[in-house]
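First chain A sits with chain B, and in the next complex the same chain sits with chain C.
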Partner chain A sequence: MIIVFALFLLSLLVITALAIVRTENLFVAVMLTSIFSLLMAANFFILDAADVALTEAAVGAGITTVIFLSALALTAEREKISGAGWRIALLVVTVLAMLIIYATFDKPRLGDPEAPVHQHLAPWYLEKTPEYMDIPNVVTAVLGSFRGYDTLGEVFVVFAACIGVLFILGVKPGEGATIKAPHSAGLKHHLIPQVVGRLLIPFIVLFGLYVQFHGEYGPGGGFQAGALIATGVILYALLEGEDAALRAVPRGVLLALVIGGASLYGGVGLVCVWLGGNFLDYSVLAADPVAGQQLGILLIEAGVGMAVCGALLSIFHAFAARPTRL
Partner chain B sequence: MSELVLDVLSWILLCLGGGFVLIGGIGTLRLPDFYTRLHAASLTDTMATILIFTGIMLQAGFSLAALKLAAIMLFLLLTGPTASYALANAALQSGMRPGAAHARARGEGEAG
Partner chain C sequence: MNLLELLGYFNYWVFAIVLSVGLYTVIAKVNLVKKLIGLSIFQSAVFLMYITMDKVEGGTAPIIQKGVENQVFSNPLPQVLILTAIVVGVSTLALGLAIVVRISECYGTIEEDEILDAD
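After this line comes the complex of A and B, so read on.
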């Protein structure tokens, strides 16, 4: 039964992807991308990857759409068609598609217990997580501790992306610039969305905090929580106007969140070294190694959440604060 | 016995909800203009949501899962109609007149 549903979702994915390629209206393309992410999230959920599904739904379908739309407000709504070079593009795509299809012949069947990935590392993680960390969610254990280096790298990537966007878009228009930044008033004249939004925002942020601190027990963690909290603040910005959102969460706080989150993660690693362990080996953080691991995971998840939330909101504000093209 | 009654009741609700989703889907595809299509689509937001979630809640029994389902249902009942309203309002603000397609179709009918 589940395989029928998975096939249905995958065919919908292909149809959506083709529609994204075909459409010339970029607004439609953004909406289709959002639908694509939502379908992908459902797909991940079918594959029992609840953590990834949550990330995909929050980041892919939620925040990316808003950031795309803010970017679209600065440019044109229709795609510029350039006829040149389509033969080369077609050739490259065909060759790549053939290569990927050829590569799938060597891929083990979905859920095959004999697959290489299920032979040595995954069983080891499953076996050792109760012993080393004693937390139910193995994904969080792998992400936070076993493969802490990778997650640290991801946090620094988010940090670098945020800094990059701020460098390019965060520049104030020069003195001579005649375009005045529009003070977006939000949806002041739309009473119903505003009232419902005000009602929901606290619960969205609360759910974000739940996902953050419940990450060791259920699906979730820093990435998802950061994205959810950022969604709540972006909703506030859309309803009440960007200025109100910046008054509630000023730029300084956002930058402090990004820098603080990345430093917190790196700092925990350094403290581990200082206490005589390896970099990001949390066992030395407390007298009991298991408690140390739990404390370390909690701290780095907080760092991830802070960095992601701050980075996403900074990027959103960088786009939203640009004067729109007239 | 009560198990069976609950099961039957829950399946009736689920099937009714599925029917409403189907009607909403057909309506979204078949109705003539934006507002009527939105009207059909919003059917899935409200009636189908209530029926399907009540059906699943009956399956879940008196448990934490039922509470979570109730929370999700409340969330969907708040956001769905709001989104429909926002869409309709945005369409009206951008100058789309209700019944325009109908009038156009009638006009063409007279001309032909």
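After this line comes the complex of A and C, so read on.
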């Protein structure tokens, strides 16, 4: 039964991707991208990747759509039809698709326990997690501790991207730009979205906090929680207007979250060195190595959550505060 | 060839097709926002390939339950890589869109051929 469902979802995924390419209305394309992400999240869940599904649903279907829409509000909503060059592009990608499909017959089939990818590191992670950290979620253990360097790098990429967006969109618009006041009214004149939205926001933020602090025990962690809390605040901005959201969570606080989160992560690593361990080796943080690992993972997950939440909200505000063209 | 085996290849075929659709959008469309949408489709296809590789037959999500013996878990490592890649993906996408917005403000268009004509 689950196989039929997976086939159905994967087919829908292909159809949605084709529809995104074919539509000339960019607004429709962005909405389809949101559906595409949701289908992708369902596929991830079927493939046992609960953490990834949660991330894709929160980030792909939620935040990405909002950022695309705010960019569309600043540019154009329709693309111009261009006839040139599509035949040769189609030929190239068809040949590419055929080559990849031909290559897949050499891949291990889905779920093969003997596949090379399952032989080397994964069994070691699964075996050692209860011994070293004693937390149930192996994904969090690998993310936070075994591959902590990797995650630190990712957090700094998010940090750098956020700073980049703020630099690019922070400059004053040029002389020729026609400036209209930002549409900051929100949905105040729509009663039903406002009432329903106001009811939802506390629960979204509460769920975000649950995902943050329950990340060691179930699917979740800093990346998902940061995205979820950011979604709650963006919903508030859509309902009450951007100014109200900035009054509730000012820009300075967002920047402090981004910088504080990244520094907290790096700082935990440095404290480990100071206490005589290796960089990001949390075992030295407490008298008991297992408790030290748990404390370290909790701290760096908090840092990740702060950095992601602050970065996504800063990016949203950078787009939303830009004066729209007439 | 049983059903699960067929589905295994089907996952990779969907990866190939979605990847090609994304690549086609990037090279054939001249609208810069559409190009970025194509890029994120391309990226999602790669995510699907990684997550397809993590599945172990009869396995479950890698969350260890105490007191349950002989559990089979799917591979946690591709999940970690893709989980962080999704969040990094949205940040870099936002950076790309910010550049598109600035291009639109300077040139008044986001169609690549018109921008090249204006230069």
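Heads up, the rule we're going with is that the second predicted complex is superposed on the first by the 298 of 326 C-alpha atoms of A that agree within 3 Å, B and C clash if a C-alpha of one lies under 4 Å from a C-alpha of the other, contacts with A are read in each partner's own complex, and residues count from 1 in each chain.
Definition applied: a contact is a pair of C-beta atoms (placed from the backbone, for glycine too) under 8 Å apart; a residue touches a chain by one contact, two chains touch by 3 or more.
Quick caveat: nothing in here was measured; it's all calculated off a predicted structure.
When the two structures are aligned on the shared chain, A:244 is found in touch with neither chain B nor chain C.
Looking at the shared chain after the overlay, A:259 reaches neither chain B nor chain C.
Legend: residue contacts after superposition of the two complexes on their common chain; A:118 is shown touching chain C, with no touch to chain B.
When the two structures are aligned on the shared chain, A:80 is found in touch with chain C, with no touch to chain B. When both complexes are overlaid on chain A, the residue A:199 reaches chain B alone and has no touch with chain C. Comparing chain C and chain B on the residues of chain A they touch gives the larger count to C.
Applying the stated contact rule after C-alpha superposition, one finds that A:69 touches neither chain B nor chain C.
Once chain A of one complex is fitted onto chain A of the other, the partner contacts of A:48 are limited to chain C, with no touch recorded for chain B.
No residue of chain A touches both chain B in one complex and chain C in the other. Interface residues of chain C, counted against chain A in their complex, comprise 3-5, 7-25, 27-31, 33-34, 37-38, 40-41, 44, 47-48, 51-66, 72-95, 97-102, 104-106, 108-111, 113. Considering their complex, residues 3, 6-7, 10-11, 13-14, 17-18, 20-21, 26, 29-30, 33, 36-37, 40, 43-44, 47-52, 55-56, 59-60, 63-64, 67-68, 71-72, 74-76, 79-80, 82, 84-86, 89-90, 92-94, 96-97, 100-101, 104-105, 107, 109-113, 115, 117-118, 121-122, 125-126, 129-130, 136-139, 141-143, 147, 150-151, 154, 157-158, 161-162, 164-165, 168-169, 171, 173-174, 176-177, 217-219, 221, 223, 226-227, 308, 311-312, 315, 318-319, 322, 325 of chain A touch chain C. On the side of chain A, the complex with chain B involves touching residues 190, 192-193, 196-197, 199-200, 203.
Within the complex formed with chain A, the residues of chain B that make contact are 75, 78-79, 82, 85-86, 89.
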